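In the two assemblies presented below, chain A is common to both, partnered first by chain B and then by chain C.
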Partner chain A sequence: MLGAFANAFRTPDLRRKLLFVLGVVVIFRLGSQIPSPGVHVDNVQTCLNRIEDQGLYTLINLFSGGALLQLSIFALGIMPYITASIILQLLVVVIPRLELLKKEGQSGQAKITQYTRYLTLALAVLQATGIVALARSRQLLQDCDQPLLHDENSTATFLVMVITMTAGTAVIMWLGELITDRGIGNGMSILIFCQVVATFPASLWAVRQSQGWGTFAIVMAIGLALVAAVIFIEQAQRRIPVQYARRMVGRKMFGGSSTYIPLKVNQAGIIPVIFASSLLYLPAMAAQFNATSDSAWVRWINEHFVQGDHPLYMAVYFSLIIFFTYFYVSITFNPKEIADNMKKYGGFIPGIRAGKPTEDYLSYVLSRITLPGALYLGLISLVPLIAFALIGANQNFPFGGTSILIMVGVALDTVKQIESQLQQRNYEGFLR
Partner chain B sequence: MTLLFTIVLMVTSALMILLVLLHKGRGGGLSDMFGGGVSTGLGGSSVAERNLDRYTIGIGIIWFASVIALGLLLAYDGQV
Partner chain C sequence: MDSVSDGSAVRSSKDDDARGDESKKPRTGPITFYKQVVAELRKVVWPTQPQLVTYFIVVMVFVLVMMVLVSLLDLGFGQLVYEIFTTTGE
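Then we have the complex of A and B:
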């Protein structure tokens, strides 16, 4: 294991990429700590300490790594980009023009990416305005009556903060793209990974302080077991054998090989979890914007959707995850396309005719294998909620389902990419 | 002084947003974000792209510096 690390750093190409990623991450974390101009840092810190363990805030902090509530320059984090991606992903299904673009292949995909970037910045302006307005009227951190800004009435400060946060989002987007381009792994997911991991030690320590060493040990043990279970299922796949017919083209011989199509149990990755949790985050956000009005629906949402341990919340979360798993798998994996490609190159699944029967077979296997995948995603997201409610740890337990899935998913993915780079040079990888 | 840095920050922020949008978006959205997805081909960056990178980094440094400067100015304006 350590030898593999040494090998990774001995390869000049890989070393450059790894160091590049590390550098970008350092910049990213640094920016997450620097407050926007005009923020009264002392007051913010005092208020943060007071409200540490309220449900909604831990959810917000999970995705922004604590940057949002500190009103730092990278306060919005990658949330705008994720939201924009989700919106475009859904729009592709609805709007025919976008669907055409997607079918076009690489150039169309590039155009969709460009739209995502524009939408990201539009969303960033919206969110920044909302957050700064909340901070200005002292509603961002509830039960805290100290001014969060130095000059609450100044329009200039307001504008400066909004434009700084928007520019910060642009910078984050660029950093993510730089990692994808020149580093290793996917930039955006690595940045999310950082934010999730950043709050991790602190919340683990909070468990130790509030519950003592015994609970801490139990939490650690359950956490490790969960990580192992997640890795086990993430790696699971069904291999559908494919036989390619041997054929002559001119004087050359083609094909004749047998391969397989890997169908992962969890084909959708962690996207359903992210979709579901960001959708569920909307009502809580809306309630917070109207916190002062104290109308019936605000109270209802606060009761059912903010704390995260209400049965209704769990049920909605679970069913949303299952829905999005099927939805996302159906978007990304197209049995008809694969069947057509196989037919074109003379491939077939043993025992199944090419063309339509192959397509049917693939979608049959896929829909069956996705069921345990979807259930797994839903359960993993809920198990910590239930287990920790039993132990008596409160909301800010460190091994939340979403964070554990993100951590393991991104880490596995990145390590696999490093591994494939290593194997190009015949070095032994991390994974045996 | 505060006014000067405010203007500098506004201008550099706007430039920063513009420059980042001028970049060709790499890493096609969410689809290849978490697992799966073929890594994009190595299209070597052109001269224009490299110059763009240089400008972005330059503006980025100015932006960062003015954020810190303005933050300090606003924080200690009344007290010093």
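Then we have the complex of A and C:
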């Protein structure tokens, strides 16, 4: 096992990629600690220590990896980028012009990516303005009456902070794309993995402190069981057999082999969970920006959407996950394309004709197998919420299932990519 | 009109397995759908226990290594930032 890790670092190009990812992670964490200009670090630290025990801000803190409340230059984290890419992927289905662009291939895809970046910046400006406005009016950290900024009334400070945070978001977006291009795995998921991992030990420890060792042990046991369950389902495949016809080209024989198309039970991976939770994170955020106003909708959101244990919240979360699972599978897996490719290379599913019937069969199996996959994603995200609510630990552990799904999912993906790179060089991998 | 009915007839006569062409026919009811889901689930290849154990260990190692790394980075940089940006006068 450890030999495989050593091999990973012995392979030159793999080593370069791994070190590249680690370097990006170091920069990402550094930026999450450096305060924006104008922030009164003394007071922020005092206030943060004070609210740490209450566990009130964990929802927002989890998704920013602790950077948001420190008002650092990377305060917004990867979230604006994720939100922007969800919005664009949804819009591609709705707006015909974008759909045309997508069908155009490489150049159209590049254009859509460009739109995603612009939208990210727009969202970043919005969120940064909200956060800085909150910090200015001392609403960001409640129960804390010390000024968070050196000069609360200066417009210049306000502008500089908003510009800095927006620029920080642009840098994070760039870092994420760099990981995707030159490192291992998907940059967006690796960065959100880091954000989750950064707050995870602290929130576990908070459970220990507020509930004692007994509850801590139960929480750990549930967590480990969940990890095993997630791995079990992520590895489950429905294998559709494919036969390749033998044919002579010149004097050589080609084909005649039989393989299979692996359809995972959870073909969508963890993306639906990230999408659903980042969408649900928006109302909580909006409510926080308007915390001062006593209007009805703010109270309604605070009541239903900020604590993770409200039935309405769970229901919405669950249905969003199911929707996004089907949605994401439908945009990433194209039965028509696969059927066409199989036809081109003389492959067929035994008992089913090439072309349209194959396409129909693939989408038939896919839509049937995705239902348990979607239910599994929804349940895993909800079970901890319910379990922790029962033992009264939910305050410190919102998104328990989500963070486990994100951690295990990204870990599996990344390890598998390292594995396949190792196998290219004939090393024995981790997974045998 | 003629060609449409012809096409569907050809397809349904060909293979009993390709039930995907039901989109042309009336929609699948929830009970049939449920049965089909169960039928597909039976064909799923689940991971064996040794596979599960290796994956579990590998994932735990990866997550723990990253957790320790990120926590150390955060502690180190946090301390550094605190040293640099806090005023000693207060």
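By our rule, the second predicted complex is superposed on the first by the 414 of 432 C-alpha atoms of A that agree within 3 Å, B and C clash if a C-alpha of one lies under 4 Å from a C-alpha of the other, contacts with A are read in each partner's own complex, and residues count from 1 in each chain.
Rule of thumb we're sticking to: contacts are C-beta pairs under 8 Å (C-beta built on N, C-alpha and C of every residue); 3 or more make two chains touch, one makes a residue touch a chain.
Predicted model, so just to flag it, every value in this text is computed and none were measured.
Peer 1: Quick one: classify A:228 as touching chain B (first), chain C (second), both or neither.
Peer 2: Only chain C is touched by A:228; chain B is not.
Peer 1: Looking at A:48, would you say it contacts chain B, chain C, both, or neither? Reply first, second, both or neither.
Peer 2: Neither chain B nor chain C is touched by A:48.
Peer 1: Give one of first, second, both or neither to describe whether A:36 is in contact with chain B, with chain C, with both, or with none.
Peer 2: A:36 contacts chain B only, not chain C.
Peer 1: I'd like to know which partner A:280 touches here: chain B for first, chain C for second, both or neither.
Peer 2: A:280 sits against neither chain B nor chain C.
Peer 1: In the overlay, answer first, second, both or neither for which of chain B and chain C A:261 touches.
Peer 2: neither
Peer 1: Touch check for A:150: first (chain B), second (chain C), both, or neither?
Peer 2: Once the two structures are laid over each other on A, A:150 reaches chain B alone.
Peer 1: For A:112, decide between first (touching chain B), second (touching chain C), both and neither.
Peer 2: first
Peer 1: Just to be sure I read the superposition right, which of the two partners does A:197 touch: chain B = first, chain C = second, or both, or neither?
Peer 2: second
Peer 1: So, does A:379 touch the first partner chain B, the second partner chain C, both, or neither?
Peer 2: neither
Peer 1: What part of chain A is shared between its chain B contacts and its chain C contacts?
Peer 2: 34-35, 41, 412
Peer 1: Under the definition above, what is the set of chain B residues touching chain A in their complex?
Peer 2: Those residues of chain B that touch chain A are 6, 9-10, 12-14, 16-17, 20-21, 23-36, 39-40, 56, 60, 63-64, 67-68, 70-71, 73-75, 77-78.
Peer 1: Per the contact definition, I'd like the list of chain A residues that touch chain C in the complex.
Peer 2: Touching chain C from chain A are residues 1, 22, 25-26, 29-30, 32-35, 41-42, 45, 66, 193-194, 197-198, 200-201, 227-228, 231-232, 235-239, 265, 351-353, 356-365, 368-369, 371-372, 407-408, 411-412, 414-415, 430-432.
Peer 1: Which chain C residues qualify as touching chain A in the complex?
Peer 2: 11, 14-15, 17-23, 33, 36-37, 39-41, 43-47, 51-52, 54-63, 66-67, 69-71, 73-74, 77-78, 80-82, 85-87, 90
Peer 1: Can you list the chain A residues touching chain B in their complex?
Peer 2: Touch residues, chain A against chain B: 31, 34-41, 73, 82, 85-86, 88-89, 109-110, 112-114, 116-118, 121, 150-151, 156-157, 159-160, 163-164, 166-167, 170-171, 173-174, 176-177, 180-181, 186-189, 267, 269-271, 274, 332, 409-410, 412-413, 417.
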